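Next come two complexes built around subunit A: one with subunit B, the other with subunit C.
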Partner chain A sequence: MAEIYHALPTWAQDVLVMLGLLTPLMVVGVIVLRGFHVRPLLVGLLRRQVWISAVFTALIAVSVALGTGLIAQERGLRQGTARAADKFDLIIAAPGSEITAMLAAVYLQPSDLPLLDGATYAEIAQHPRVSLVAPLGFGDSWRDAPVVGTTAGFVDHLSEGLAAGRLFMTEDEAIAGARVSLDIGDSFAPAHGVGDTAEHGAHGDFAYRVVGKMPMTGSPWDRALLVPIESVWSVHGLANGHGPDWDGKIGPPFSPAHFPGTPAALVRAESLGATYSLQAEFSTARTMAFFPGSVLARLHALMGDIRQVMSVLAVITQVLVTAGVLAGLMMLTRLLARRLALLRALGAPRRFVFALTWSYAATLILTGAAIGLVLGIAASLGIGAAITARTDIVVSATLGWPEIHLVAGFVSLTGMLALLPAYLTMTRPLITDLRG
Partner chain B sequence: MIRKLILPALLLIAGSAQAGDEAGHAHASDADSHLATLGDIRLVHAWTRATDRGEALVFMEIEHNGHKAATLTGGASGIADGVNLVAFRSRDGNAGYVTLPDLTIAPGTEMVLQPEGVALRLTGLDEPLVEDQSFDMEVAFDLGHAQVIVQIEAPNATRHSHAGHAH
Partner chain C sequence: MIGHAQKLEVSNLRVTGDGGRRLLSVDRLEIRAGSAVVVRGPSGAGKSTFLYALAGMIAPETGQICWGDTDIAPLPEAARAAFRCRNMGFVFQEHLVFEELSAAENAAIAALYSGRALRGKIRDRAATELVRLGLGGVGTRRSDTFSGGERQRIAVARALAGDPGIILADEPTASLDRDNADRLAEDLVTLARTEGRTLIAVSHDPALHDRADRIIDIVDGRLLEGADG
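Entry: the complex of A and B
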């Protein structure tokens, strides 16, 4: 049986799980409503108690929205951070923390990293299986935008073609990220450092001129300024990576003897297999090579347990809210006791009253869950937009199977809990209720 | 009184020594099961996760101490229909394993097959893999084949239970 299940496509497995979760509710529904036509009375009950029904439905909707929104948001954040690392196949840095190097190179978080020397960089650049290698030099900024020294090849790789303008060709030219408030032709002076402590004017009157603009990448690089690595070295009083016989053309090849060092290098290889081979070759005492995608996946795997706890908490919250609603429903049925007793006195069987009360509760639960699902996605989109504005990582949360499974499990469980108030209504003393 | 104390003490020391020897033998035997060789290539700590699904990933450390590049091409096992080489890849926010035709291991390097990295994928498993058991698997290189014993770890394991031990 398990073999057949695992052989199915993923979407079919998800549909089966959903149906499995809904089965108890459907079975209960068929048994409870069998032989009765409760719809006219149910509609009448809903109309008569429209405000109470609306409040109960809203309570359920809000609790479902909180649960589904949280889970969809967590998945959106996970996918957004992974998508932002897509362009960073392999990072080679000096030995240290992979996470720190990843935060610096992929997410542009200021970090103090040791440097790769010229000989090591040349060894990477000259490897026959390397198709692109680019130094990434951090440390300067303009307002809240980090200034990153690199090569035109990296800009082309990251942007997959500029949105406007051209690549830099001289040391004083720059490319602006899509969210940087500079246009082609604008100039800016880099400050030494990042944040409130950045030293303005530390690099004298040196200024860059923006000659190109990148398209949106959905990553923190949208708020970065990319400049020739030679200029970053030069303004810090270092050699510019080229020897005395340099022809003045910026970019590779760099002279190992005149290479001041880089905190990290992005490496692309001719194939995925070659990238893994390079990772093994450059995981040495002098260098650390890692896949940002793999590091993130390991972090996400750790968070997997947290996600499960979040799912359980979401279900518990929803069930508690629904238990409160069902308790309210029991009080409501006490108020309606005389009418229900009259119904029975007119010949309606006890089980009809049971079916009517249960279908009323089930209607509130199903309607609340459906509205909650929509509200959850809306809330998640709102939170995603807020996170994107703060981190520049595009977080797009959409409705997924985990949310549908969560809601299916919730309606099934609470649908069964609704049997209790229905049973209590059915067993009320008829004569006492008729007397009011 | 002293003699009464010395005798149990000697017995205790002797017992400890014997237990130590036994543990040493057990460890030596254990170590053999964790190591396989093919010429200058050492395959250490092959492991997988317990599962009742039809497929599983096998991980290990491959140390290449030779002078010529070796190429890992896949493998074979009596408990699975197929063994192929896969690599982890993340694209557009979705991560997963894709098949690799082969993998070059440069001389003097250590290729670590690990979760969220490169692995050998067993497909069409005949039976569930049960924790603490093991099975034989053949790992194929262009230079020949190596026979490894794959230790089955917990379903959520992230490494071989002896990872870090030198062999």
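Entry: the complex of A and C
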């Protein structure tokens, strides 16, 4: 049986899990409603108690939205951050915090990092198994766009081909990320620093001219300006990475003696095995080499733990809300007791009263869960858009099977719990209720 | 087809309330099949308890309540409800109908919990009874748009829709004005009598007393007239 299940495509497994979760509810529904036609009275009941029904449904919807929104959001964030780190195989930086270095190098978050010196950089660059190495220099900005010094090779690697224009060839040329409000031919003057503390005019009259545009990457690099690393060093009054015999052509090789330092270097190796080998080789007292994907996986694991805790809290919230709704239903059925007693007095079996009460509760639960699912995804999309606007990491929260499974389980469980108020209704004293 | 009008035989019936208080005590009573009987008495005398016991809504402490060959007293509640559904129509005092349903849906309410084979018959019969009671053509109107008298006629149509042999009514005219009360009393007795149904109505209304075949008085839970009249 397990072999057949595992041989199925993933979507079929998900459908089976959903059906499995819904089976108890469906079985109960068939048994409870068998032989009865409750719809007219059910619709009448919903009409008669329209506001109470709406409040109960809204409570269930909000609790379901919390759970589904949380899961969808966490998954969207995980996928978005992983996608943004795709192009960063290996980062080598001076020893320190891997997370800080990753946030700076991959997600362009401002941070103070110690520098790799020229000799170390040269050692990396000259390693026979390295196919690409690029320095990454941070600290300048234009408006809210970070200005990052690097090499044309890195731009090419990151963008996989520009959307428009060409790579930079001189120190005063720049490539704009897809979401930067500069077009080819526009000029800008870099400010020293980022955000509110940026010093405008700190680099004199120096200005860059945009010569190329990157395509959308779904990462913070979409709002970055990429410039030659030489110009970043130069405008800060440092050597530009090349010796006296420099022919004026920007980019590698750099002279170790004239290399001012870089906070981080992106490294690509000729193969996956070589990447692991480089990571081991440059994890030393002088250098820290790490895979952003691994650091991210650790962060995701932490997020996953938090998600599990929050998921449990969300489920508890759902159960509490549902318990409240069911308690409310019990009170409501007391208000309806005379009408239900009338049915029994007319000869309706107790089971019919049970079926009517249960189907009323099940209708509220199903409607609330469906609305909650939609609300959860909508809220998640909204939050995802806000995160994207703030971090430029594209977080796309969509409806996934985990949310559907959560809702299916919730609906099934609460549908079973709804048997309790239905049972209590069925056992109420007929004559007392009939006399009101 | 009209449901089977059944003779009622009650013997040694005892119904007690909370704390063992005796609510009803009937040594012997017989009611002929197809007769129209009114039960009367002061408030709290046990008239409604008597009616509910005959309907099987109250399980007596002791005694027999035989409708034809069926003694419903010892039956479990589900069986009594089933008997009630098959054989009895009930009309209550306060024109109890489901306001959010239409007149036709109310009259055919038994179709919702009856077997599939009976549903169509109950709906057809409900529509016929509504016409006979002067509510033809307004069956699709919501019941809360009808007057009190009209709602009580819907309740009568509901009681007749299952084609029962027994009609039980608890103060059916009490909440109506004189004109409506007279009309309902006439309708109820006529519809029962012309179709051979047994009618037992608890009522203070002279309009019903005048039309009844027999009147039974209850005082302090005891019948003052118990012989078959």
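We adopt the following convention: the second predicted complex is superposed on the first by the 387 of 436 C-alpha atoms of A that agree within 3 Å, B and C clash if a C-alpha of one lies under 4 Å from a C-alpha of the other, contacts with A are read in each partner's own complex, and residues count from 1 in each chain.
Please note the rule applied: a residue touches a chain if its C-beta (ideal position, glycine included) is under 8 Å from a C-beta of that chain, and two chains touch if they have at least 3 such contacts.
It should be emphasised that the depicted structure is a prediction, and the values quoted were computed from it without experimental measurement.
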Looking at the overlay, does A:Glu281 come into contact with subunit B only (first), subunit C only (second), both, or neither?
-> first
Now for A:Leu430: first (subunit B), second (subunit C), both, or neither, which partner does it touch?
-> second
Once the shared chain is lined up, is A:Gly293 touching subunit B (first), subunit C (second), both, or neither of them?
-> first
Examine A:Asp86 and indicate which partner it touches, taking first as subunit B and second as subunit C; both and neither are also allowed.
-> first
Mind working out whether A:Pro349 is in touch with subunit B, subunit C, both or neither, as first, second, both or neither?
-> second
First, second, both or neither for A:Ala7, with subunit B first and subunit C second | first
Counting only touches as set out at the top, which of subunit B and subunit C does A:Gly273 meet: first, second, both, neither?
-> first
Same subunit A residues contacting subunit B and subunit C, which ones?
-> none
Along subunit A, where are the residues that touch subunit B in the complex?
-> 2-3, 6-7, 78-80, 82-83, 85-86, 272-274, 276-277, 280-281, 283, 291, 293-294, 296-298, 301
Interface residues, subunit B side, partner subunit A - complex = 52-54, 87-95, 98, 100-106, 109-112, 115-118, 158
Of subunit A, residues touching subunit C in the complex | 35-38, 40-41, 43-45, 47-48, 338-339, 342-350, 352, 430-431, 434
Complex contact set, residues of subunit C against subunit A | 52, 55, 57-58, 77-78, 81-82, 84-86, 88, 90, 92, 96, 98-101, 105, 109-113, 115-116, 119, 158, 162
